[in-house]
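Next up: the structures, one after another.
Next, two complexes with chain A in common: one pairs it with chain B, the other with chain C.
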Partner chain A sequence: MMTRAFTRKAVAGALLAASALSFGMTASQPSPSEAQVAAPAPAAPLQIVAMRRISEAQYRNTIADIFGPDIRVAGRFEPIVRPAHELIASGASDAAISPTGIENFDAMARVIAAQVFDEKHRGQFVPCTPADAKAGDDACAKATLAPLGRYLFRRALSDSETAFYTQLAGEAAAKSGSFWKGLELSLAAMLVSPNYLYVIERAEADPANPGQMRLDNHTRATRLAMMLWNSGPNEALLKAAEEGRLTDQAQLDAVASRMVNSPRFEQGVRAFFADMLLFEKFDDLAKDPVVYPYFNQEVAAALPEQTLRTITDLLLTRNGDYRQLFTTNRTWMTRVLGPLYQVPVHRSAGWEPYDFKAGDDRAGILGQAGFLSIYSHSGRSSPTLRGRAIREVLMCQPVPNPPGNVNFTAVQDIHNKATPTARDRLQQHATDPTCSGCHRITDPVGLSLEKFDGIGAFRATENDTPISSAGTIDGVDFQGAEGLGKLLSESPATTQCVASRALEYAVGKPAEDSSVIEAMDKKFGASGYSIRSLFLTVATLPEAWRVKGATIPDNAKVSLTGTNLAGRAASKR
Partner chain B sequence: MAYDLSRRTALKGMLNGAGVVVGVPLLNAFLDGNGEAMAATGAAVPVRFGTWFWGLGVNPNRWFPTKVGANYDLKPELLPIKAFQSKINVYGNFNVPLDGAPNLPHATGGPAIRTGRALTAERGLPGESFDVTIGDLIGKRSRFSSLEMSASGDARNSLSGRGGGNLNPSEVSAGGLYQRVFGTGFQDPNNATFTPDPVTMARRSVLSGVTEQRQSLMSTVGAEDKQKLDQYFTSIRQLENQLDVQLTKPEPMQACVVPHKIPELPVNAEIETVMKNHEFMTDLLVMALACDQTRVFNMMFNNGASSLTRIGSTITHHQLTHEEVLDNRLGYQPEATYFLTRIMEAWVYFVSALDKVKEGNRTLLDNTLVLAHSETEFAKFHTIDNIPIMTAGGAGGRVKTGLFVDGIGTPVSRVGLSIQQAFGVPVDRWGTKSMETNKTITEIMA
Partner chain C sequence: MGFVVTEFIPPVIQEKTACPAGTVLKIRDQYLHDLPEAERARLSLKENEKELVTKWQTSVFGPNNTNICSQPDMFSRPEMRTVQSKFALGLHLDGGKDDSCEHDEFTTPDGQTGIDNQEYRVMGCTLEMRGTDGIKGDAAVGMRQFHASGEWTQVILLHGVDSLENDPDVEVIYANTPDRPTQDSMGNFLRGASFSISTKPPRERNVLHGRIVNGVLTTDTKDIKLVQTWGQGGARDLRGNRSKYDFRRGKMQLKFQSDGSVRGMVGGYKPVWDVIQSASIGGVGSALVAGIDCAQYLQTLRKYADGIKDPKTGKCTGVSSAMQLTAIPAFVNDIPAAPAIAQRSAK
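Up next is the complex of A and B:
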């Protein structure tokens, strides 16, 4: 907290200096001629090639980075729809914002803006004193809003945009009779602007490949920040973009390398795995309290955290091999998880490392209650859901949906004495040819985890019958989570899968070119399957910065940042 | 240097004239005519449209009537609607032809009814849902263009949206719904005094500023992103409308009684919790309609692959429909059917809550049309032909009620087409491929 607050003050200081330099403002009102002059079109034509809605975490992180962690973000975020078999990061490329969504974003924006300019905080963000606190002050508004806008829009505001937001602040100040209210409303307008709510990716002509396009410097800065740190670009990245350094491969490599070695990379890794492992399922996780008395909301909140701690501890703190995620005995425990795992937890608060013993069968993330409970029903385990998740989520092998006209009469109820365990019941699927095609792919994998119930607690029997944890995957027999973890760690599908997900996560579209994935996987292997190395590869992959099929249309030679706004500002006066 | 002066300038003019109560012209557009006049003011009563969804269908032979037309017979599972039969239409034998697209279990049926299109991938909605189309016509001037609710939780549980990545998210708690409708920004239409809030005025002008960024962005985007931006600005316009409403003295609404604050309740899929949430949400919605805060709504009782449970059960409603043995003596699955009984109970609660509110000589239900439907006919087999559908209410006299309509295997999009036409959407053909139809269900059109 201390460092963060300190950094913020330093940044605010830097903002102040920068704004004074670039705008050279005095306290006088800009004359019409000045506003007229301030509407140049950018030299090079840019084309918008993607608009990706920022996620809830990216929104929160951005606000905390710019305004400090004590600024409360209160409100409900419109969820981004996950396309089947894809990442939410890909869904974000399709995501529109509904009226309800805007309503919520607007309410959040006003809450944030009111805090930023309240008496406690305004000193950090307003580098000047308004001539009259009860009226507008264009110079002071501009000096305040332009630097903030640069962080929010992830690029410097154009002159016309600056004039526009300054003018909004002035008008709102006049109407509300308060300079601060004016700033507040203008900042709130920035926070609902598509320039903030969407990561807008722009392309420019690629001098190295005539006729082709590449992502421009600011897009690169934002993509690096969002992919690696799950937040908007900071001062250093914006500066690198402004100086045109991110289109230079060597400098891009250096920046990306610094970023994956920063402690902030953990935030990025967490966000990536939460997306890849479908952690949104935890949002609505509910278990039957009678069937599972050990389950409650505190447990539900601790489960994803346990898995994420296991991941970041192994892959970042210990710089481990990605494949060990399926075999590691090391995890993290907190008090509320003790009863579920039946292990003593010494610390009354916080997390402590814990090593499972060999016979516990809690190998890797698949042996953890988080995975086991989200891929279960509310009142019992599901070998089918678990097997399907292993195939689809960890190996990137989509399993077909059940046919629409499937006849389920073959499947028996759980009270049938002849079929006491899930294995017996699922046998019914395996004997029905319509079902067996897909269930053969999923069930023999998931059945190996049957000793863990619907919340991932250990059990030896079901309906008083001993449970077998024998499993089969792609023709190989194994036992339990340990056997499964070992096979997954040896399977090329798992490392290729995470490589393709990392690329999809970066570009916001499912990876299509298998040769690129194979090459990435090779490099990943050469690094000892280091997640840092994988993300560094993705971040510096020349293919990821090229824009496929995009050419420069004639009509794109238009100012991006809206001469009409400047025109409006000018003509108003 | 062209830019759109119209709204913003008009508003500024208004604001500069400080303290002026904002505009009569707006109010004229506010009301859509055709309905009855309110006794108090002579203004027309608004008509409303909404949907009520439940997952996992019915036991067809125990639910669908046999006798076509008025005074249809009520089988055991439909018997609960008896008291409201004269206000409810039932629709049977309407099909969902997919033209070779896969029947994605529990995912295909709902969107087919709402969009007239077959789902080709599990990626949001295949097109604009027609509640949104109707909302564009009748919901533009109310404070909320529509209200979406899911009584069983999960904001993603929604069948409403403009297609693709746009899904109107559902409110999942009654407390949240209360806050949204009756919290900050709510104006009691029956208050005698009205003073526009200066900060709202300032916000309104700021927002119209945001709208002016449209051109500059539009000129440089590709088609897909253009669509997204269009939707974004449509949403912004709705927010502007909301503020316009707040800046306008509301028409008195005879039946509007501002409800009490709702306590925070648990949200999960356990049936008793869902029933309770649904009741609270329904009561709030009814007042949101009576106070004219919205004219379009979408209630999801549960989700398609219903995750409803009963305390102590190891198995969900969805699993039951597939795994419970058909009781040979009864001829249906008793445990799964328990949930259907509760669902019909909830539906009757919903209809009766609307019918209790008097508006002129009619009730709120009479001035509303609620389309209720499931996503499958018989869940055990995922069948999507003959999905159970009802409408309740007469849309202010535009739709005849109390009928069982036999679709004789024609596409289900006829229902969507007819309802849109009843609300005055200028459409003579709706749906795609085999679901494209121009055949209005004439039996129900008043």
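Up next is the complex of A and C:
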């Protein structure tokens, strides 16, 4: 934990009842003196080439890493919109924050800052004793805020930034009569700064390729940390960036290798697969309690965790082959999920490994209730949604949206005795030529999972009619989740898909160069489809660190070490 | 083969001949009933309601702040209405043993004779057990909540079952689990949930031997103890303590159902005090709010006691009892075998 870097020193101080709001300014509304303090930083040969909003998990992880896991982060995060057929990581590159979103971030920032500088915690973060606890102390404030700002902004604060936040703390202390309240307000201001809420990627001239740009060291440190650990860079990474080691390929390789072999890589792998598998769908997952008595909120919360445990257990703990995700009979079980799967769970609390018997149709993540339930409707299964998800999510084969005037009557009439099973209903629906084109590529895949209902519980019949789990994909017939999983594990589309998603996840935009993906997939295969190897490839891929396109005109450049305001001030001049 | 108990209630046969005079009178009504006719008529007038309330409520108290439920032995009360029908559900418990006391036996509606259920005979006309006109009594409703809470939850684990029709040798673990059953939105327990048996106090684990004959599992006679937690309070120093279901010479009789569940009875002889324990723990509140005459119950129970004979006095101190039980399939984890105790070195 980074907090260990700080000197532990008990600092006595009185708690004041006055809130930061009473100062007459908010963290998101800087004091008028900011422009005056934030003098333009020395021009640096750097350009901002991308800004990516950090995710909720990255925000939480960063706060926990810097301030400790006992610092509570309470509030609502404005979601980052997922672009069609892309990752949320790509959406983050275009994500703005609404006024309401900023208000939420501001409220969260104040709660965090109040905890950091409360009597219980301040000793961990304040390396000095203020001359007067009832007044500002610039030296002590600076000594406190500059190191914290370095972790939050993922780079050292510029002189102007340091001066600004120090002055902010002093002014707030003077108005509140509390040195600690001053620190609180200043830290809260950092937490709503774009420098914290966004990963600001910067490029510099590439000496090895004259006329070209490459991402600078700090950007590399942040990208490595966010991609591999889903958090901000730690002290070692920041130091490596400050020493310029991350633009050296050999040293970059070594750092990335250490990171993918760290236990913290699991956090990154979880975040990646949650993004790739569209786990945000669990946030709104609702099922009809009359139709599905085995579904409840505890089940809904356990389902993504089960899939993520299956993934990390196979790919990290057992260093397994990615393709086995579609065939493995090993999963993880908890008491909450036992009834849904109708399997025994020995531990009263927590998770335990569970192996489905050989031949059980619960093979792979496609046979897990998590996948099956999010790609279903609230009261019925959906071979179409499941088939589409397999095509789009696991094989990266986009399926067009249905036209707006589709008549769904046939598929929704689930109690019609003439069409007792979903297969019957979809056959009738697919007679419409405007529908059949897409249904041909989704339904024969999804119908193989019909023995699992809308929450992923096993069923042999629907409306007292035996269910067939026959499926077809790309002209090959198979049976059930097991057959589908076997075919997916043998399909090059799945490994190329995860390779392209990994690259997209790292750079924040969909991969465009298919030759790069093919090369990555080849290397992925040579490693035995090791996820560590894949992410190491992405993290060290020279192409991923290059910046394409024309350089930004000088008059559009933004100071990279000053605040945005400072940048604007500079451009006005 | 495991089960979780979903229903554990006193078996009541809803029939008009059971309580021809009606359900057991509450204290207020009993007070009125015992008065001379003229006085009863006077106090029944609306304008005398306050006087009536004062008088019947005063009757539940004794000297030194005692009351009819906390110290039922101190009060002499008339016998309560008992079940008059010859039909009851239950088990044949006495089996010709000579440690029982003289009593009439019931017959089940399907013709089984020799049914011992004196608790039902005494308590079967109480409003709490019988309810009103087809509505289950408070006992049945309350029991379900207790079992859903994880406080009382019971599980059954069968070992050595080779046939659900006939098997002469079956081990039955009948125990409490601290695990709360998973329920659907209607409050029904879900099948296929997992539970762990715990012997950590106050929970119990009974190991019984039984046999299956024609699809009915019957255990040999053996004492059965199960968790039973009532409310707090009372003057018998039961505050904060936990009571037990204490079925002496108990047995289970369960029929395997086609849907995988089991239904039947568990019973034995209960100390008479245990029957009124809940009301007694409730203290004066049971008398004043629920109108329960604990002393009347206790005296009637003693009169009809048919088991747990005191070897010194020769009097029976317990009543035959049975609970109707339904259990659905569940995964039951038995406690692991106790670790071997390391042998102490001879040196």
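Rule of thumb we're sticking to: the second predicted complex is superposed on the first by the 499 of 573 C-alpha atoms of A that agree within 3 Å, B and C clash if a C-alpha of one lies under 4 Å from a C-alpha of the other, contacts with A are read in each partner's own complex, and residues count from 1 in each chain.
FYI, a residue touches a chain if its C-beta (ideal position, glycine included) is under 8 Å from a C-beta of that chain, and two chains touch if they have at least 3 such contacts.
If you're wondering where the values come from, they're calculated on a predicted model, not measured in any experiment.
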When both partners are placed on the shared chain, which of chain B and chain C touches more of chain A: B
Touching A:290, do we find chain B (first), chain C (second), both, or neither? both
Based on the superposed arrangement, let me know which partner A:366 touches: chain B (first), chain C (second), both, or neither? neither
With both complexes overlaid on chain A, does A:346 touch chain B (first), chain C (second), both or neither? second
Which of the two partners, first being chain B and second being chain C, lies in contact with A:380: first, second, both, or neither? first
So, does A:338 touch the first partner chain B, the second partner chain C, both, or neither? second
Set of chain A residues, in rising order, touched by both chain B and chain C: 289-290
Can you list the residues on chain B that touch chain A in the complex? 1-3, 12, 15, 102-105, 108, 121-124, 144-146, 148, 153-156, 161-162, 164-169, 176, 180, 198-199, 201-203, 205-207, 209-210, 212-213, 215-217, 219-222, 224-225, 227-229, 231-232, 234-236, 238-239, 242, 268-270, 307, 309, 311-316, 319, 322-326, 380-384
Using the touch definition from the top, list the residues of chain C that touch chain A in their complex. 178-179, 182, 184-186, 188, 190-194, 196, 331, 333
For chain A, which residues are in contact with chain B within the complex? 46-51, 76, 78-81, 83-84, 91, 93-103, 106, 110, 164, 168, 171-172, 175-177, 181-182, 185-186, 188-189, 192-195, 197-198, 202, 283-284, 286, 288-291, 377-380, 401-409, 411-414, 454, 555-556, 558-565, 567-568, 570-571
Complex interface listing, chain A residues touching chain C: 289-290, 293-294, 296, 335-336, 338-339, 342-346, 348
